[in-house]
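Quick one: this structure, given as structure tokens, is what I'll be asking you about.
In this document, chain identifiers A, B, C and D correspond to the written order of the chains, with residue numbering beginning at 1 in each.
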Amino acid sequence: MTRVTVWNEFVHERENDAVAEIYPDGIHGTVAAALDDRGFETRTATLDDPEHGLTEDVLDDTDVLTWWGHTAHDAVDDAVVARVRERVLDGMGLLVLHSGHYSKIFRELMGTTCDLKWREAGEKERLWVVEPGHPIADGLDECVELPEAEMYGERFDVPAPDSLVFTSWFEGGEVFRSGCCYRRGAGRIFYFRPGHETYPIYHDETIQRVLANACEWAAPGDDPPEPTFGNAAPLESIDGDGSER
Amino acid sequence: MTRVTVWNEFVHERENDAVAEIYPDGIHGTVAAALDDRGFETRTATLDDPEHGLTEDVLDDTDVLTWWGHTAHDAVDDAVVARVRERVLDGMGLLVLHSGHYSKIFRELMGTTCDLKWREAGEKERLWVVEPGHPIADGLDECVELPEAEMYGERFDVPAPDSLVFTSWFEGGEVFRSGCCYRRGAGRIFYFRPGHETYPIYHDETIQRVLANACEWAAPGDDPPEPTFGNAAPLESIDGDGSER
Amino acid sequence: MTRVTVWNEFVHERENDAVAEIYPDGIHGTVAAALDDRGFETRTATLDDPEHGLTEDVLDDTDVLTWWGHTAHDAVDDAVVARVRERVLDGMGLLVLHSGHYSKIFRELMGTTCDLKWREAGEKERLWVVEPGHPIADGLDECVELPEAEMYGERFDVPAPDSLVFTSWFEGGEVFRSGCCYRRGAGRIFYFRPGHETYPIYHDETIQRVLANACEWAAPGDDPPEPTFGNAAPLESIDGDGSER
Amino acid sequence: MTRVTVWNEFVHERENDAVAEIYPDGIHGTVAAALDDRGFETRTATLDDPEHGLTEDVLDDTDVLTWWGHTAHDAVDDAVVARVRERVLDGMGLLVLHSGHYSKIFRELMGTTCDLKWREAGEKERLWVVEPGHPIADGLDECVELPEAEMYGERFDVPAPDSLVFTSWFEGGEVFRSGCCYRRGAGRIFYFRPGHETYPIYHDETIQRVLANACEWAAPGDDPPEPTFGNAAPLESIDGDGSER
């Protein structure tokens, strides 16, 4: 059973009534319930928890971490970011959601600014599946329509994804690479665009299906190879120095 | 349960005693037994079967097709190749094994010559895992050593793989991209280098693990998106022509 | 000086007055003049020429071939397609323009159906630059707007491009990967979406700049490595058989 | 004329007589002379220079920066690293040479550990060209042999390169992805493996040719698109809010 830790900064929901109405249990509550319903073992963690709820013990019990933040990226402790990054490179899956594009953890793993265009105008978004054979698209139609969304537009300053699953069309005239898969170290990372705090997007069944697919895709294998690093004895004799395996 | 059809041209084993001794049930028999043991529902098909054993009915029951051929690529009927290709593009997984690099089906799906260097000298090969987080490498050490192998060397004239899982070192001085993942249409293709008819490589437990991992990776989803093609009505009104959804 | 051969099926311009008005010298005439102005040595070739104008001699003098076809893909001789394909794999650059997505040469090099959605409604298109550091985007703004275009929509059934330079937004609600770079064999291929026969798109300065950039990008090097294929003597001694370099 | 700044920590050459004998003008001196001979406008900069020689003014005059460091990565000031990183993301080319894999600048741009295996045993290395159509391989044979090299072995913990140009074979039994191209932001990065301080590898004509090719490849365009980021007004009217371009 895949173990998912759902992280949320959990600020907007406590400060803004409109957001609280949409996500009374926090965005993390909604996401965790959706994953729980789909057979994942879930727990949640938030910014205000000690060590943001991401202690070594919690991470030991985590196959996939989902990350939602927006207004408080800078409040995330660098030591926790370093810890999470190390776990991802060691194989833990990571789902970065919507405004998480600007989180410390995503920017450090990508190495770029992760900047983009944005607009809050309640406009229509269509996510087109550009890679229908990808497991993250399983169970979807060829296009997912969201009646009201915040716009994110290209240029999205990230490395070209290893696989691009979704590309968004926006009513106001922009496009966006909305579902981006990356391998970093032994870990798998999926960036998924939809999900602003003022729209009920994480209540959408199709979006929930994508989250579940992505958690399954990002989960590490049972017994991955463990590469060794550093000084290495030769495996074959080297001419002239007589070294042997 | 993932349904695998193991295809083999099955020529060497019937014509060459040394090969028959290594693969008394044919290469297909060994591969199918290995997959069967690991929980796949398997069947076999060979060149001499009517329609090479790859009828519409058989393909209807196939999630993943594995392909081994060497001496009789030209004897494979173009109509069967076209049928298999269509299935792959519709989502059926395909594992291309060793000398299958030169099969009609692989060359048509790649679009390149798929040529390479080769040498039969019973030399040592080491497959290094270059992408330890990939599911096809699960359960392996960081390096797989084969004491005796046919050499395949670069330049391997294929498109750059979407993911490169293994790179081989050969005793005689060459390297090779030995585990190459591709998406084509809705299908997933894995080329896996090891496996000459005169070496017992498909009896190797580690190699069998890779084959099983690859079948799992290549299997289609339960309910993939079905893109539509051709003339499409607009989804939004277009200025001046008044078209509506 | 880079030598470009501009190929056009040259059918619409002779059969349809509206097209002839936009492209009185044929699409090939307009494209060749634009490249000529930008410092390329150009020639043209069309379907009705002997061997479609793509003789061995012409190809010997060609660094980059541009391809426009629409209504007569099937009339292109298979032998010429095979000849062009071999040249591309040997290093000749190839620009595939607009409806050329469905040409024999592109489909054979891609290995997929190259199918897509389309609509002729004179709608607005915006090509967003998603890879601003790519040489094909040099000299452009971050977005190229075309007031009237034929729509091409995803799913575009091609292999994931090695580099994706442009993504299009369409007024009617679709998106498209409009600038796709591929390496195949030693050759570089660029698919560029804009360019329907009923719109004056190839007269657009910005589109012409992209064509010129792409020709420069696709041209082969002065002295590329020439891989050898087939049976290869070992470069190192192999234990037990005493073979030497 | 492409302007290259050749950076070197310049420590080994001043502390170790054997290194000084091979590189009497420092590794930077040898690399800069080689590039100068091949038509680049070069300058050098080293660790001990004020701001490591990488002032804003110097970077304003730099199209491509080459980076060699080994023993003093930690001595590089974080502010200078941040400055260089920003320039790369804005379009400056970066060549990371050999032990530069562990530099701050490369690790920050990659987002991974960039760790690897290594061994100093004076063993033979062969760099096989796996992408013969890539401009960085122009002018080479299909294989470059170095009689004595430090070994670097996989797993090399970097993101999968956008293009893989070279793969190395080592006498002692390992392989390595030795020529890796990346785009990050608007910049192009090339990691090139050869070049230990105790071997005269940068005096090798073929290696110098690769460096020159890579500088040409990595140089920014004359007039690249400048994406805008942040809040964006809609380009199309959005239903219900009446916003206009």
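We take it that a contact is a pair of C-beta atoms (placed from the backbone, for glycine too) under 8 Å apart; a residue touches a chain by one contact, two chains touch by 3 or more.
Please read these numbers as outputs of a predicted model, since none were measured by experiment.
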Exercise for the section: List every chain that touches both chain C and chain D. Expected result: A, B
Exercise for the section: Name the chain pair with more contacting C-beta pairs, choosing from A-D and B-D. Expected result: A-D
Exercise for the section: Enter the angle, 0 to 180° in steps of 5, of the rotation superposing CA atoms of chain A on those of chain C. Expected result: 180
Problem - Inter-chain centre distance, chain B versus chain D - centres from mean C-alpha coordinates, in Å - result: 36
Handout entry: Whole-Å separation of chain centres (CA-atom averages), chain A against chain B
Key = 31
Practice task
Calculate how many whole Å lie between the centre of chain A and the centre of chain D, each centre taken as the average of the chain's C-alpha atoms.
Solution key: 30
Completion exercise
Flagged in chain D as touching 2+ other chains are 126, 129, 131-132, 142, 153-155, 160, 162-163, 171, 173-174, 183, 185, 227-228, 235-236
Practice task
Sort out for me which residues of chain A touch chain B in the complex.
Solution key: 91, 126, 129, 131-135, 137-142, 162-163, 171, 183, 185-188, 220-228, 235-236
Handout entry: Of chain C, residues touching chain A in the complex
Key = 126, 128-132, 142, 153-156, 160, 163-164, 167-170, 173-175, 177
Problem - Touch list for chain C against partner chain B, complex - result: 89, 108-113, 115-119, 121-124, 151, 153-155, 157, 159-160, 162, 171-174, 182-185, 227-236, 238-241, 243
